[in-house]
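Both complexes shown next keep subunit A, but they swap its partner, so subunit B is in the first and subunit C is in the second.
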Partner chain A sequence: MAPGSKSAEPELRRSVTPWGSFSWGYSDVGADIFVGLGLVLAWAAGASNVAFLFAGVVYVCIGLAYTELAATYPVAGGGQYFVMRGLGDIFGFIAGWAVLLDFTIDVTLFAWTSVDYTSQLVPALTNSVHPWLHFGVVLGLVVGLCLLNVIGVRESTTFNGVVSALDVISETCILCFGFLFAFRPQLLVHTMQIHWPSSYDLMLGTSLAIISFVGLESISQAAQETQRPASIIPRTSVALILTILIFALAYSNLALGLHPWHPIADAHGHPQQFWQIFPNNPDNQGKAVALLAAQVPFYGAFAALYVPVLGAVLLLISSNSGVFGSSRIAYAMSASNLLPSLFARVDRRYRTPVISIVFFSVIAVVELIFAAAPALFPAVSSLYARFFHGENGLDFLADLYAFGAATSYSFVFLGLIGLRLTDPLSPRKFKIPLNLPMRFRGERVEFPLVAVIGFIGIFSILMFTLFTHPLGRIFGPTWLVLGLLFYLVYRRYRRLPVLRSQPRDWRNAQTEILRRAGELELMDEYVANVKASDARRAGQGT
Partner chain B sequence: MLFFRALLAVAMVVCGLVILVRMALVLPAGGFAILPGVVLGGAMIALGVHRLSLIARVRGML
Partner chain C sequence: MISISSDVHVTVAGALVALLIAGLVGATLWWMLHPPESYVMRIAAAAERNLERIVGSLIVAFSPEIDSAHVMALAAKLARGERSELLALYVIEVPYTLPPDAEMSVEERSALDALGAAETIANKNNVAIRTETIKARSTKQAVLDVAKREKANLIILGSYREGKYSGAPLGRVIEEIAADAKCDVLIGVEGKHGTLLVDESAQSTSQEA
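Then we have the complex of A and B:
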């Protein structure tokens, strides 16, 4: 339940350690590079590292914003809660609905690429060779994850921690061997100068690069289950943000400046650079990290065997977090009266939000059908080629993923600015840097300049997405408009304010949040701030 | 365990420095093209230093 609403809620146990908090975030965001690398290399070509750099800078701003918000308001609602509290109910709904789109895409996209990575060892699963088998396995994974979540089986924090640790070690080894034995700075510079893409492709690549940094919702998800979140979250988040940024930049630089261990040739036998195997080849795009690992001298012989398995497992964990996360966000939105109470209904037998899980899993399956249709039916393929620039299934999913992320993150930046102005009394143990002191409604506030920079960055990525993704341009806004109509009808039916916000006692809610988090010093500081502010206002009144 | 973590953090800083130096060597030919590599090196050094500072705090050295 989101604080500020009326109904009671059983509390989540706060048992997540600093490493648990890191691995929780890493298993969500860390898997993204397995998907994003191939797509970005395919479009941004010689400027792939620049695309990752631009998206990475925006991501650092987003990460810092989430860190501040999650440490200040350690509740599991995530972006929609921050936006609802900072800007109001309707904007909270839009942000939450965009996050829900991302979670449903997350389920399909990561199950899809999990199968792509497996196809490196089991070629029968290659989409272009056996599209129906590929579709069937992905569908089976989505349905399987839905059932596991319905009966209440979740991946354990320990399992997440082990897989995350293995992946960090593995990626570090791949990059170390790669940079030591196969990286040629001169080749990188040459590639960037000769194969610089068109502005359109660079925008497209940049909008796809942001999908390598999606999943920061997990920071706030972890915040509710972490002890002393105001202290722990900033520590783990900064490490998480830098680790993910380093991997994304390192992979893209390495891919462009890689001297392959085994010579790569095109269909005519001409030698190719490593990154050139990705354009117009969706099969390769879906398993880029495994292909790169195999080309790293010495270590590649070993990495070629386990990286597809490790990638598939990590992607499957991420896919599961989509099923679990969507039901949890819907639950939080429902408790805040942004969605019908149906989504918060817990099944008596399994004690899980079955309706919510099944509803969003069905949406994930619909998205899968749209994504797989061009490969399954030649007639649909020609339709896509005619109206959607011939986008394939992976592009379709990536389009919507980028759209949902850019939309929700844009609102989170605005929510952060709103909260800095309207809630200056909440103690912030972590603040994003570069703040402008000013006065707002009689209170001393600090205006976050980084949030403005981040908003401009993510909004431009949203514009790139709308401009360069024919499918994302249609289906993304359609998702938002349908959701908004649903919201308006629901709020009217419930006789709640439709465009305005429901009155809530945020002061008591904040005290309760800090008490539950075990941040008693911060709670005392908050209560003292409130009393001092009230006394100041009373003094001004007389 | 803390010792290994510190070792990893130092390795991270060294790797960052190596990347920075290698990118600096191609500066005359690369120009703007070396920027992502420079940021990568910088980020690796920042992460290494961040982890070392956390370890130092745990050991009561800060």
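Then we have the complex of A and C:
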């Protein structure tokens, strides 16, 4: 070897294309409406569209924040990395730990609803009819996904891309045919006037609506593998934000103004509106899109056959993204000394982070047991009814999902503000609009007003969640407190700063990040900014 | 409102919303799938266009004296066809007046451009590629050492850069590598009317900007 040579370091190949990046996000976020629609209709009733609109506005702010951050810092790690860099190690841990909660819930919740959608074609899998069978199949799916990830089998980006494309086409067709043949504007207005929910139910519905928009994390996690991330990610993120927002708003309005193709009657034979099949019916809540698709004239005859299958597959992909997403986040946190190196240990045989995958899959199974227990054991059911307003099953999982998302997103907004103030030199190819120019520590910075609006929005949703979800306000904070205690003990054991952050050379790190991402023009711009800043400071010093 | 049957009615509002949804979703996805091209992508596109006039190999060597960008696309095609591993190597020759690990920022920056373009070309051809930058006293020895380490079958070299002519028809370094290599060597020398794929003027304009 020649003197002064460097050894060849294998790096993650940047092979994710624009559609690949979109489908990574879509297979996660796109599945959310399959879960969220029925839950929101059940609680927010005639104001479901308003609940989705409020959550949608917050989601747009979140999406813009993630877009800016992922394009500026294209690294695997997502939200916890941005927060750690903007606010410090301990806050990075809290944000990452909340995301981990979300990912483990993601595994169970989407496996659960995947079975619910399948039950549309296979009625034996209906939870209320055969709870043990339902539980067994969901458990089998979770364990199966865990094993597949342990041995390293994962659905390909191509498979993700094909399913996402089919789903985008399918949902567009459902909505277009639905609005064309079954939508009555007068019925929408009538429903909103007559069936407007109480404030409590509206808050509950809004806090559940946010779960229809969870998963943008996936795009930023794939940033390191995306071709030209600073250029591609803003486009894929904005496209994902718009597509999901269009679908969520359109579905909720269509559901409230839908004139069913086949008459729907209640237990007494009285005609019902479409949305009225969801309150107090968890079985229907778990397969709302399939039920809606079947009520679209003409197209519904075809949609009734394939939508349950497509929904089940998409939900299973989303569930799988929870398994490998949690191990990925844990790996990134471990690399930053926020979690023990145990979570980053790669198995020699399978070359996958087995410990991490199994640990978080076990947590997902525990959550499944908590969710399914009331349906399986009548004694537990009365216990839940007494202490938790009878919340169980899908509600339990949705509560925790909303809590984890709202917590981590709140920190991401704060992280964005922190990074705008402390790292103004990093070139931002995408910048959130509405900024307030100011000076901070001698540098010109731009304070993001949208982040403040978004923070207020998501924080209010977090408060709604804590206020309206008896289970969420107990298990969510408990998860965070236990994690924080674990973090404090670990940092003390490793003799690392416990409450303060570990010193890091962010300037070199940023140059390396941009170099690895192939964003050489941005790297040049960053180096020039740093030099200019240093020269300015040196000039001021003399 | 238009009645299609007793239960199905088409309203103007419903039809407009349906059109709006289809239009918005379609336009959003079209916009997403058509991002602007970057500098390295333009280099890669030029390489694709000039594929028939270039040659390629398993180790493609670059240095300030050897310009191999124009043979990179063919190397990628070859590697894909042969399912071979592809290594793009940039050698920075450190003069004896400097320490072996001396910082040479201009050369290191050129290395990043060359290897970035090489990686882009490989990605477009769906070929796995590794890139490596080496500082060495002798370009020839560094290329031969890496070829030995990688057990390479073929070393690809471009042509010498203008102004570096030192008495050898193909360039001193290129001829020395070809003479001493323990494996096959392909040398892509541009003919009288050949054009470099890396446009020097465009590159300098980009760097100035």
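What we mean here is this: the second predicted complex is superposed on the first by the 532 of 542 C-alpha atoms of A that agree within 3 Å, B and C clash if a C-alpha of one lies under 4 Å from a C-alpha of the other, contacts with A are read in each partner's own complex, and residues count from 1 in each chain.
Just so we're on the same page, a contact is a pair of C-beta atoms (placed from the backbone, for glycine too) under 8 Å apart; a residue touches a chain by one contact, two chains touch by 3 or more.
The model shown is predicted, which means the values in this text are computed figures rather than measured ones.
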### Query
For the overlay on subunit A, clash or fit between subunit B and subunit C?
clash
### Message
Looking at A:Pro297, would you say it contacts subunit B, subunit C, both, or neither? Reply first, second, both or neither.
### Response
second
### Task
For A:Ser460, decide between first (touching subunit B), second (touching subunit C), both and neither.
neither
### Query
A:Cys176 contacts which: subunit B (first), subunit C (second), both, neither?
both
### Query
Which partner does A:Ile246 reach: the first (subunit B), the second (subunit C), both, or neither?
both
### Message
For the overlaid complexes, name the partner, subunit B or subunit C, with more touching residues on subunit A.
### Response
C
### Message
Tell me the contact category for A:Trp261 with respect to subunit B and subunit C: first, second, both or neither.
### Response
second
### Message
So in the superposed three-chain picture, is A:Gln276 touching just subunit B, just subunit C, both, or none of them (first/second/both/neither)?
### Response
neither
### Message
After the superposition on A, what does A:Val50 contact: first (subunit B), second (subunit C), both or neither?
### Response
first
### Task
Return first, second, both or neither, reflecting whether A:Val189 touches subunit B, subunit C, both chains, or no partner chain.
first
### Query
Between subunit B (first) and subunit C (second), which, if any, makes contact with A:Arg228: first, second, both or neither?
second
### Query
In the superposed arrangement, what residues of subunit A touch both subunit B and subunit C?
176, 179, 183, 185, 235, 238-239, 242-243, 246, 250, 253
### Touching residues on subunit A, where the partner in the complex is subunit B
49-50, 52-53, 56, 176, 179, 183, 185-186, 188-189, 192-193, 235, 238-239, 242-243, 245-246, 249-250, 252-253
### Query
In the complex formed with subunit C, which residues of subunit A make contact?
1-6, 8, 10, 13-15, 18-19, 22, 168, 172, 175-185, 227-228, 231-232, 235-236, 238-239, 242-243, 246, 250, 253, 259, 261, 297-298, 515, 518, 520-521, 523-524
### Of all residues in subunit B, those that touch subunit A in their complex
15, 18-19, 22-23, 25-26, 29-30, 33-37, 39-40, 43-44, 46-47, 50-51, 54
### Message
Help me check something: in the complex, which residues belonging to subunit C touch subunit A?
### Response
4, 7-11, 13-15, 17-19, 21-22, 24-25, 28-29, 31-33, 35-36, 38-41, 87, 91, 94, 100-101, 109, 112-113, 116, 119-120, 123, 128, 130-138, 141-142, 145-146, 149, 206-207
